[in-house]
Every structure is written in structure tokens, then in C-alpha cells.
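Given below, in the form of C-alpha cells, are the structures.
Below are two complexes that have subunit A in common, paired first with subunit B and then with subunit C.
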Partner chain A sequence: MKRALQFSLICLCIILLTGCWDSRQLRDITIAKSAGLDLLEDGKYQSTISSPVPKRYEAQERSQVVQGIGHTVREARMALDNKVAERIDTSKLRVLILGKSLAEDSVYNPLDIMYRDPRSSLGAKIAIFDGQAADLIETKLQDKPRTSEFVADLLTTAEHNSLVEYLNVQLICPIMFDPGQDMVLPYMSMDINNNPYLNGNALFNGEKMTGSISPEDSVLLFLLKGEKGGSTYLTEKVSEKHEEEEEFITVLLKESTRNLKVDVNQATNEISATVDLTLQVEAIEYPPDELHEREKVVQLNDRLSRALTAEAEQLFTTLQEANCDALGIGRHTIAFHNSFWRNNDWLKVYPEMTITPNVTVEILAHGIIN
Partner chain B sequence: MSFFKAFQNKKNSQNDTRILEPPETPTFPASLDIDKNRVYVKETLHYTEDLVEKKVVTNHNKILYFLYLETVSDTKDMNEYFYRNLREINSDEHLERVLTDRDSAKLLHLSDAIAEMLSGKSLVLIENTHYCFVLSTNSVIHRDVGEPDNEQVIRGSHSGFVENLSVNLQLVRNLISHPSLVVKYTTLGEVSKTKTAVLYMDGRADSNVVEEIHRRLKKIKVEKLMNTGIIEEYMEDNIFSLFPQYISTERADRAALNLIDGRVIIMTDGDPTVLVLPVTFFSFFQSTDDYNSRWVAGNFFRFIRVVSFLLAVTLPGIYIAIITFHFEIIPFGMTYVIKDAVEHIPYPPLIEAMFMELTLELIREAGIRLPTPIGQTIGIVGGLVIGDAVVNAGFISSIMIIVVALTAISSFVVPIHEMSMAMRLLRYPIMIMASLLGFVGIVFCLTIYLIHLCKLTSLGKPLFYPFAPFNLKGLMNRFVRLPHTVEIKNDQKENQKTNSSS
Partner chain C sequence: MNDNLLISKSQLFFFIIQSQIGIGVLSLAFSVFQEAEWDGWLGVFTGGLAIQVAICLMYLLAVRYGDKMFFNALPLIIGKIPGHVLNLVYTLYFSSICILILVLYKHIIIRWLFPQTPGWVLNFLLVFAAWYLTREKLHIIVRFYVFVSSLLILVIGVLFFAIPYINPLYILPIGHHGFGAVGKAVLASMQAMLGFGVFMYIFPYVKVNKKKEILLTATYANIFTTCLYGFTVLITLMFFSPPEIALIPQPLLYMLKTFNTPIVDRLDIIFMAIWIVSVTTSLMTYMYLASLSTTQLIKGVPRKKLVTVIAIAVYFISLGPKNRLTIDKYAEGVDTFGLIMVFGIPLLLYLVSLIRQRGKNGAEDHEKSPSV
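Here is the complex of A and B:
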């Protein structure tokens, strides 16, 4: 009987105490809130993390920033561990910032570690920084929240305004490996006063960064992709060249319909794409304000359509130069013209193909001023 | 192992052989010699000093002796005019008629009369007869039928049971004036000889249950003072379970409501608490208030009670699990607030939680028996001083204080005291498992509780009834408080089900 009791006690201990091994006490962990990864000139990775410091040490809101260098990202992170008293945990990571040099080399290499670790934060926002990511992480913003929160909130607002796409570490993975589609990631820069700002989007070809576009083009790009955020604004010049005064109109997007058509000319073995975009908008700022006149509205519709079409053409040229198939034209080709896809190298076809944008704008409402 | 053997009670066994013990006092027929009778009575009562003896001689020279225990008898009106009436009696027939008129009983055995005297009756010995009379002169002490302190309601009846059985029965009879309400008396307790009443509504209560209750009552053999606490342990199907399998209440309307629902009620003399059997798990979350308030509000309160049960049982465990294993699930904004709070706690969350929960239990235990003015002091010292100081000193995180406070409040929400006691105990295994295995441990523990609940019975009826065995209509009737005008017919099916399961 005594033996049986002892035996069952041992069994109970073996089963129950297994969990203690895995316990991670919150107080023994440094929680990284933002992380930056750079590729140094000697080919080594540099990892920078920032973690808010508990208030008891310091009355003011403060963050600690640590850097580590290694041949792989994991080694760089281990180097970080040696510089921090507690264990570093990236499961609450809000923003991951990649340096431009690293992005131009490869985005997947540094992300590999995040996909392998089951605890890593796949919901973290990802952004490319024009320069060393460490510089952005280390920035101490005056009269602004912590840098990590600043960047994360900035990106969330930009998503809402269709300036950047809703993406995180998890969501970019399938796009990165899709041969018929390329990703577009937020691109940040620093002005002369060391204030970070959103500088449009970085264009990728596969896992390599190949170019960038401005915030204005970004909105149009995401509309052409068929993605629309909660409140999307477009500002366009509507005066003709010969007119003396420059006139601008700002419109709020109500409804947008995109129609992408890919055609293959079997005879010449050429591919072309047509992107029809219909925008239904509300004019929210137009100082000349003669919007109650029907002719004026029709004229504005016409001018806006022409201006946007021209911009879209320009945009596609940039995309093709960067060899960035952001719209997923390759996807359509795989689906509808599979034999063409298999017989041609898409990376060579895409920059040469013809893409015809066709933007139609229709002003539906003109606000409360008559 | 002999320790465990002591717990192997045989109350549920079907072995019904009742040992017929000889009565404690040997029978003594009333003798013709009145002095012999007097000596017998005095000797049987060991010459107790509250025994009063009065001699009355009637007109026709019959000697009568009145014997009673002055402490339990009310002899005021006897003293006033009864003795005078007796003296004017001229014949034996007249004497017998006068005595019969005064609510009396004729007994042939003095030994029986002694038992009656102990309950407050007066013994009348008559010269040259082989019988005696007992007059009912019981004095009744009982307080007002005020609202019980631990079961107050906003709206509805405010009458509660008292220590007197007949008053309690009267309260129930007043609420249910139906001929099918049956009262069965038994006397329990080897020494105290407490009168116990079993109430049920014939036709509504399951006859098997009534039978089973009587069978179990017969097995009770205790030397202690009889109260419902002893009965309830004999009535429980599983005394090791942390969950109560009966409801105890002091409210007359709750008792009556349960009677109408087909439950059985056990009352004992001298105890205002009555037992309600058999119950289901969800009866613990019902209050008579639900049926008196509007139905939407009633449902909301009931929902709140169930949520509070879950909170009180799991909240400390969830806190421990999050701090120890799963801090990822804390939302972004809260992560650093919580990290700030736990940064300098010198020991693991389990110790922290145990310390605080035990402090809470201490405060609660200390506060119960203290008179109200001192009780408030305990509240202030315990709640404010300890709560504040312990956080400032850095022993306990402020989040833990919030968790403990929420837990304490939640455990007070459940209207039945037995259930809130169970909740206080149920959280400790969860806390330990949470510290060992995190959320897995909590799920593990809750699963065991659930399995146990599904298996548990109350007098052979499934305790977790509308859920296990599952019955949607039963669920609508019991769990949801429907408007009184809506009726979901389920009776026939329910009876069949319970009959087959018992």
C-alpha cells in the first residue's frame, strides 16, 4: 500500500511538474516592442531592439535600445541577450523595421527566424527604412510617444487611408513566394530634423527591394490593386496647362471598382493587360465651387479621369522598371493563360508588357456647400 | 488506511435491517398506589430541582398530584383558575370530564408520561387509579418571523423560518393551501429526540425520492444535538464532493416554491434552516428575486451569477497562468502596465496569489462572528490597510489585488451560501494547476470538475440535469427565466427521464 502511494506520488510529480520547465515569468522577460534589422557592410547582421523600461526605474517614459551583431539573425539576437539582464522575448513585437541595405539584399533571410519560432509575433507590422533601421529605433522623439508606438500607429493610420497595404509578418509570406505577385511594403524615411515619416512604399521583386513610390502614387496603386481603406483621399490638379491659375480638387473615395483583364496575343506571343478603374467620389475641397453646375461636374470628371489615367501610366512604368508585379497580373496569367505562363519567363516578360490603365472618375456628391 | 475506512459510511447501502433496541426506560404501568407513582417519577427524573409537585384535593376527597417541569411548562392559566375548578369537583365522572376538556391524554404507562413531561406537559396523578393524565401546558418560545439576514430580497415575502417547527409548518401551509401537501414526522437523535418533519407535495414529488429520504433518515444515529447539518450529510450522495447536493434556506417562500417544483423539504425543530432536496446545479443560481422582477432583468441577473461563478473559480488561476506562461495574450497596451506591476514581486505568482487569497479568507472568517462595529474595523484594516500597504511594500502586485477583490465580490454574488463556500474551495486546485501547466492546467482542472459534476447525483437525480443528461426544454425551463405567461410543456418527458434514471 505504502509502495503504491509512493509510486502514484512520483507519477503525479512527473506529470504535473513538467510544466515548470516551460514557465516564463513576465517579470523575468524583456519584451521587445520594436526591432530593427540591418545588413552591415561586412555581411553581418545587426539586430536592434527597443523595450520600454518599467516605470519604477524612471519617472519618465523611457525605452532601452540594444544592439547585437552576428553572422545570422539568430546569432545577432543571441548577442543581444548578452547585453540585457533578462531574457528577450519578441512575442509582443509591434513593428519590425528592415534597413534598406538588408531589403535590397533579401527580406526572407531575416524573417526566417520569425517564421520558425512559434512564439514570435506574426502580427507585427513590417516597414522598410531608408537607411539603417537602427537609426530609426534609436530615435528619441520629442513630445511624441515611444518610437515603436509612433511607427505602429503611423502605419495603422496609413492603412486606413489606403497609403499602405494591410500587411504583417505573416501576410507577406505567401506574397513573397508567389511567382505571379510581388509585395509592396511601407517605406519610411527620416527628415533633416531626425523626425521619421512615411515616404511611400517600397517595391519588391520577389524578396528583393527594387524601387520605391511616393505616398500620392501609393494611394493610386492600392486603388488599382482593388484595395480601399476606410477613408481614402485623392488630390489632383484639374487646371489645364494653358490656364493661369492652378486648380486642385480633393475628393473622398466612396466606391471603387477595378477590372483587370489580361490578354495574350497568340500570334505574336505578346501579353497585354487592361486595368479599368471606376471611382465614385465625393468632392470635399474645391474652392472655386461651381459643383452644382452640371457642365462643371462633367468637365471635372473628365479632367480628373485624364489626370489619373496619366498618373497610372506613369505608375506602371515605375512598377515595370522595378519589375514589381504589385497588381498580381502574373496570377491572372497563371489562372487564365497557363500555357503562356509556362512557356515564358515572367520576370523577363513583365517589364516589357503593355499595361493600359483606364481610370473613370464620377463625382457623386459635392458636400454641404451649394 | 484505517483513516479512510472510517469514512466508508454505509448510508447508501440497501441493507435495511433496523435493529430494534429496547426503549431506554423500562415500561412502568401506573400503579394504584399514588405514592409509588410519585416516587417513580421523581426517581426517573433523578430528583431534578425544576420538577414541581402540587397536591389538590377535590370536593369528594380525591387526591390529585400535578407534576411538571416548571422550566418548560406554561402553567400560568392553570394556576389562575384551573385548580379552583378542580376543588369544586364532586364526582369521578366530573373530574374526568374536566380533564378531558383541557386537551389532555389518558396514559396507562408512567414511562410514556415521563417523555411527555420532558416536552413540557403536566402529569396528573389520581389517587386509586391505574392510569394518569397528561395536560398540554407546553410553553413555546419563538422569535418573530423576520427576514433571514443571509437571504434578503428586495421584493417579495420577508418572512423567514424560526426555531419552532410548528411555526415553520404554519408558514409553509399559509403559502401552499393545498390538500396534497404532506407532513411526515420522525424523531431523530438518540439524546436530543428532535422532532423532524419531511414535507412534500404528493403527486408532484417523486415517490422514490420520498421513500429514499425516509430510508436514509432511519439510518441516522447520532448522540449529538440534532440539526440540519447532520441530516444533510446523511442525505448527500457523495460526501467527498466539493459541490453541495442540497439547498439550505431560511426563506419560507423559497421552501414553498421548491415544494411546488416537486422537491422535498426537511425541517427540524430548533433550527430555522430547512433542507431542500433533490436539487440541480442551476438551482443554486436562482433567487426568488428572479421571479419577482421583470423577466429580462431576472435573466440578466441569473447570467451575472453564472459568470460570477466562473470568475470566482478561475480568475486567480487565469492571472497566474498569464503571468507565468502566456503573457503574449495580454493586449499591447496592457503588457507594460502589467509588467510594471509584477516587476518587483519577490516570489512566484502562485505564492503571491495564495498569500492574498488566504488573507482574504482570514478577513472573511474574522468578520463573520464579530459584532458589526468591530466587523467594520476588520473591513478597514483588512481591506484598505493591508491592501494598500502590501502593494506599496512591493509584496503583491496591484493587479493581484484587483483579481482578489473581483474574486471576492464574485463569490458573494451566488445567492446560496453552500455554493459560495464551494466556490472558495474550488479555486485553489485551479490556482495550483495554473502555476504548473498554465492554461492547460486550468482546462485540465475544469474538465475534472465538469466530469465530476456530470457524475454527481442528488438523491439519485442527476445534479447537472438540464445539461447532463441534456434536455433543451428543461434548459429553457430551469436555466432561462421565462416570462410567467410562457409555458414550455416538458413535464411528462421529464418524469419519464427521472424515473428511469433513479
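Here is the complex of A and C:
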């Protein structure tokens, strides 16, 4: 009796344990490695995915690109499903590219299905493309890896160089929802030879793209945000106007400390912010030499500081024009000046407020020659 | 009582924390956020203090009847019939928690891991494992709890992945929502910690030199769980900005879904695999307690058989609720039930026992006293 019971239990376990309703066989799915989303002129969404093709088919190109259109992103995805033999699976997505027209409309709506689906890859990198995202996905690069790999690697390197922030689909979400901060996303373009490149960063106000900045400004912006990648380089013009020859110096950032202070003037009900940034750098290119002379170094420190402060001022004007609170000054206001925050409309306050940058540069070393 | 059946102090510690840590931790940050927004973490730590008070109360009650099982002592405290009624209420309470755990477990697993797998299979596997162990004696159950507690290190470990991405400004200004909101958050957080009461029910099984050591062990367990929960909630609240967390019912899993490691692509799935063990231990505890209180009701039936009956009953009932709104309503009901059973009833019992006992003691003192 007991034997029989044990035996039937074992049988039951075997049946139950093998039953996998949720198995996904690799042969049944098409793995999307990169995806592009666009908003078409008629208000429909267009979804483009690129997926690697297994070698056994011996196709000439090793990835396939398909496109679908629909009223919602999900519908566009369904339209895609009808075009590939297997089911499309986005859980291994590496890069998500959003077209500029879509980004200017709203980023959250198309991302909703990513956030809602338990299988979606929230760790995918995200970038904005100047034009139709489909163009970038469809590009077949010569002598370079697949587009999806290429873009993902390009962004990773840029993160390392403080050109873009370390972000993915999920990490942008807290920033997008927070009324006291705005996000800054990588902005890509294509040159005349159809080679994609990083063209700085796209500025957002809430979930809408409102402007962009150049790669040079991007580095400064992330330093002002208090973020620093592994190897950050800055090149600045250090010659004054009256000097005949133009002189440039390239420095490698060693240490950076940022101090953001937000002050509210109770009497005038005005808010202002001061951003102090101290950069400790190493000169890695300066052809005029003479870096062993004390006066020269002091002069360079001074000129670099002034040049960067002026650039930072310009950058803040751009940010305020785009109404992009990239530094999270609003977050500081919520945290430390809550009554001011509650009584004022931040969207109106931010573009008008005074932000004073103050950059101090200190050259620590200058390589192995003077 | 046979010495071999007793459990040690450290085993009691793990018994308490494994009973506490369960289904609640996934949505804890969300439920406290709903009450007090970013001040929710204050609620968790205050909740720990409130629980300490309850632990002391339960200890005082249990120590009065130190040699008897709580469910044995009930008829002695408040009389035979009310005692049995209360025993039945406790059985219902423990069973309703079993059902709640199963319903929530099924709901979360289907949402997060296995959308195609039928709920009855998921619940069956969980109930089967719980039934298999709960049939055994307490010291065997506890050995399993101690063994799986090593998994908690991993649970704490994965939280560190979030630390580079947190923004402490999200929880400022502290105390913005006032005492009322934090008070509600205390209630919300306690629902995830209710398992602390288990030490009262198994009081005579613990082998100690002094009874006070049980109180100390329960306190340590409470400190551990409160800190673990507080840490989890703090990290989660600082990871998501306030408007986003309002959208995410299981913020802890959602947060882990963001990170890739070179070896493990999806941390949330690893986390869930570990977390299932913690859910099973909570289910086991309540299944065990339900059978324990029933043995006092139905004399003469071995506990092993009662466990089987309870397991089958909770399994079939748990297959019912599917709608998220129904589940929420049921969870709310069980939570209120729990607060009454864990705070209200012990307080009442303690007062009753004080009054009854005082009459007796008073009379004895009177007899002894030479002056009158």
C-alpha cells in the first residue's frame, strides 16, 4: 500500500515537474536586439526591429529588419509579428532608438508597453535619433559589427567618457516622472555617408524633447550634474583675444567635486542656484610647453576656469530655454525649500531663475615632459 | 516534554524571521508609500517599535502559562467554551493567512514569471511542499528554516546593486506628511511583519535556562526583520521618484529588473526564486499553527491528519479569487483580522488573566499574611 502510494507520488511529481507551460524555445522566437520607434505623420506608430539571423540559413546579411505600423505601439508590434516566421521576443533588447518626432511628442506613451510587460528588457540602452529611427535600425554598417551592437558599444564608451549618462529604459523613468528633474538622453545622427555618430544629448522637459546640446557641452553638463565617467577629457581654448596665436589645451579629468546650493530669497520670493565645480586635471596636450613654470600654470588654471565658467553660463541658458532641469534643482527645492516649491509653478520659475556656475580648474600634473 | 522535541534559542530566532519574511516584502515599499508617500520608511521603523510592545505583551501572557501550549491554555484563561471558540477563531485566522499567501503568490508568479502556467499547478507545488514538511514535528520544521536562512544573505546582497543609482533627495523633506500619515504607514508595514507572534504559540517548545531569553530572542528577531525591511524600503524609495513608485505594486522586483550583471541577466528572476522559499516557510508556519490549534479543538486526531485536511482546504479555497480587486479586498480583511488576533486578543487575554489571577494571589497572600 505504502509502496504504491510512493510510486504514484513520484509519477505525479514527474508529470508536474516536466510540465512547462512557459518554456520558450529558441527556435520559436525571433530575438529583437535593437528596436526603433517612430511617430508617423498620420499619428500612427511605426516599430522597426532588427534581429540576428542564425548562421544555418547562410544569409548574406546576418540580421533581418522588419517594420510594422499601428495606432498603438502594441499594435505596431503585432503587425511585426505577422511579418516574421516566429514570435518576436524583446526580452534581450539591447538598444531602443526613438525617432525625433516621437521624442518631441512624448516618450512615455510608447515606452508604456516596455514598463508593463514583465519580460521586457528594462536594461536596454535608449537613444534619440535625429530623423526616423527606422533609418538607423535599417543601416547596414560596413566593416563594423551589427548596428545594434555598434550603437550599444558606442553608448557604453560614451558613458565611460562622460559624454552620455549611464541610463537605460528603467533608469530614465524616475527622472521622467519626477517634477523636480528632467532627463537628458543620448542624441544620435547620421552623417552624409550614412554612418551613425553621437551628436550630443537631447534635452527633455518632462516627457517631451525640447532641445539638444553638443558633445562638448554634454561633458560639461555631466560634470555639473556631479557625474564623472572613467576617462573624461576636456579641450579648451586658453589664448586671450589679443594674443596672436590660438592656443588649446587638452586635459584629463582626475577628480571633480560639485556643490549645488539653492537659495530662496523670502523677501522677493525669488530662487537662485549656485553650482560650484572644482576640477583637478592633468594636462595631456599642450604644445607650447613651459608647464614647469609656476606663473604659467597659475595663468592656465585661471584661464581654464574662466573659459569653463563662461561655457557653463551659456549651457545653463540653453537648458533654461529648453526648460530642462537636468541638474535637478527642482528636486533640491522640494527637499530643502518645500514651501517655495508648493507655492510656485516650477515650470514657470525654472526658465527665469538665476543659476550661477563657478568652475575652478586646478592642473595637478602634466605628463612626463614639462 | 521530551527534550529531543525542543528547539534552541537560535532556532527560535530563525523560526520567527522566516515566518515574518514572506509575501509582504515585495510590496511593502508600495503599501507604505500609499499611506505616507516618501515618509513611509518612518512607518516601518515605528512599526518595529510597536511590534516590540506587542512582543513584550505576548511574552507576559505566555510566561504566565509557561508550561502549557497557548492553545491549551486558552480554555484555562477565559473558560472552557469561550476558550474553544477562540481556538476556532485562531484556526480560521491561520487558515485565512495560508489562503492569502497562496492567492498572492499565485497572482505575483503569474504576473512576473509564468503567464501561461495555470494557477492550480503553481499553488499545488507550494502547498505540497508545505504539507510535506508541516506533517513533521516542530524541531524538524525549524531545521529547514535555519538551513534556508542562508538564502537571506543573497536577498540582502542583491539590494546593493541599487545603491549606485539611488537619489537620497527623493525621501526629503522628512516628516512632510505628519503623524497621521506615518501612523497609517505603521499599520501598513505591520501587516508585513505579523509573523512575529509565532513565539507565543510555541513557547513551551523552546529550550532555555531562563524564560527571559525567549523575550530577548524575539527582540533580536524583531530588530533583524525591522532593519531588513527598513533598509529595503529606504533603498526602494530612494531608487524610484515619488510619482513613479505610485504606479508600481511590487517595487522591489521592479527595481531588480533594471540591473544586468555579466552572469545573471535578470536579477529579479533570481531574487524571486529565493523569495519563493521564504514564502513557503511563512506558509508552513501558518499551516503548522492552524493544525496546532485544531488539535485542541478535535481531541484524539493526530496532527498529521489535520495538516492534510487543512492543506487540502486552503488549496481549494485559494484557487477561487482571480480578480485583483477581490484579492485586495480579501487582503485588507485578513490584515485587519490579523491586527485583532495579534494585538487585541493577547491584550484582552492578559487583562483577563490578570484579574483572575489577582483574585487567587490576593487570597493566598491574605492567608499567608501574619498581620491580619
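By our rule, the second predicted complex is superposed on the first by the 350 of 370 C-alpha atoms of A that agree within 3 Å, B and C clash if a C-alpha of one lies under 4 Å from a C-alpha of the other, contacts with A are read in each partner's own complex, and residues count from 1 in each chain.
Rule of thumb we're sticking to: a residue touches a chain if its C-beta (ideal position, glycine included) is under 8 Å from a C-beta of that chain, and two chains touch if they have at least 3 such contacts.
These numbers come from a predicted model, not from an experiment.
With subunit A as the common reference, the superposed partners subunit B and subunit C fit together side by side.
Once the two complexes are laid over each other on the shared chain, residue contacts for A:I192 go to neither subunit B nor subunit C.
In the superposed model, the vertex angle subunit B-subunit A-subunit C (Cα centres) comes to 50 degrees (nearest 10). Using the contact criterion defined above for the overlaid structures, shared-chain residue A:L122 touches subunit C, although it does not reach subunit B. In the overlay built on the shared chain, the residue A:L26 is in contact with subunit B alone; subunit C does not reach it.
Once chain A of one complex is fitted onto chain A of the other, the partner contacts of A:A4 are absent, as it touches neither subunit B nor subunit C. In the superposed model, A:I368 lies in contact with neither subunit B nor subunit C. After superposing the two complexes on chain A, the closest approach between C-alpha atoms of subunit B and subunit C comes to 5 Å.
Comparing which residues of subunit A touch subunit B with which touch subunit C, the overlap comprises 16, 19-20, 22, 92. Only residues 16, 19-22, 92, 118, 122-123, 168, 170-171, 173-175, 177-179, 181, 328, 331-332, 334-336, 338 of subunit A touch subunit C when the two sit together in their complex.
Listed in rising order, the residues of subunit C touching subunit A in the complex are 111-118, 121, 124-125, 165, 167, 169-170, 172-173, 176, 239-244, 254, 257-260, 265. Residue ranges of subunit B in contact with subunit A, taken from their complex: 1, 322-325, 327-328, 330, 332, 335-336, 338-340, 342-345, 348-349, 433, 435-438, 440-441. Those residues of subunit A that touch subunit B in the complex are listed here as 1, 16-20, 22-27, 29, 31, 52, 54-56, 91-92, 94, 119, 121.
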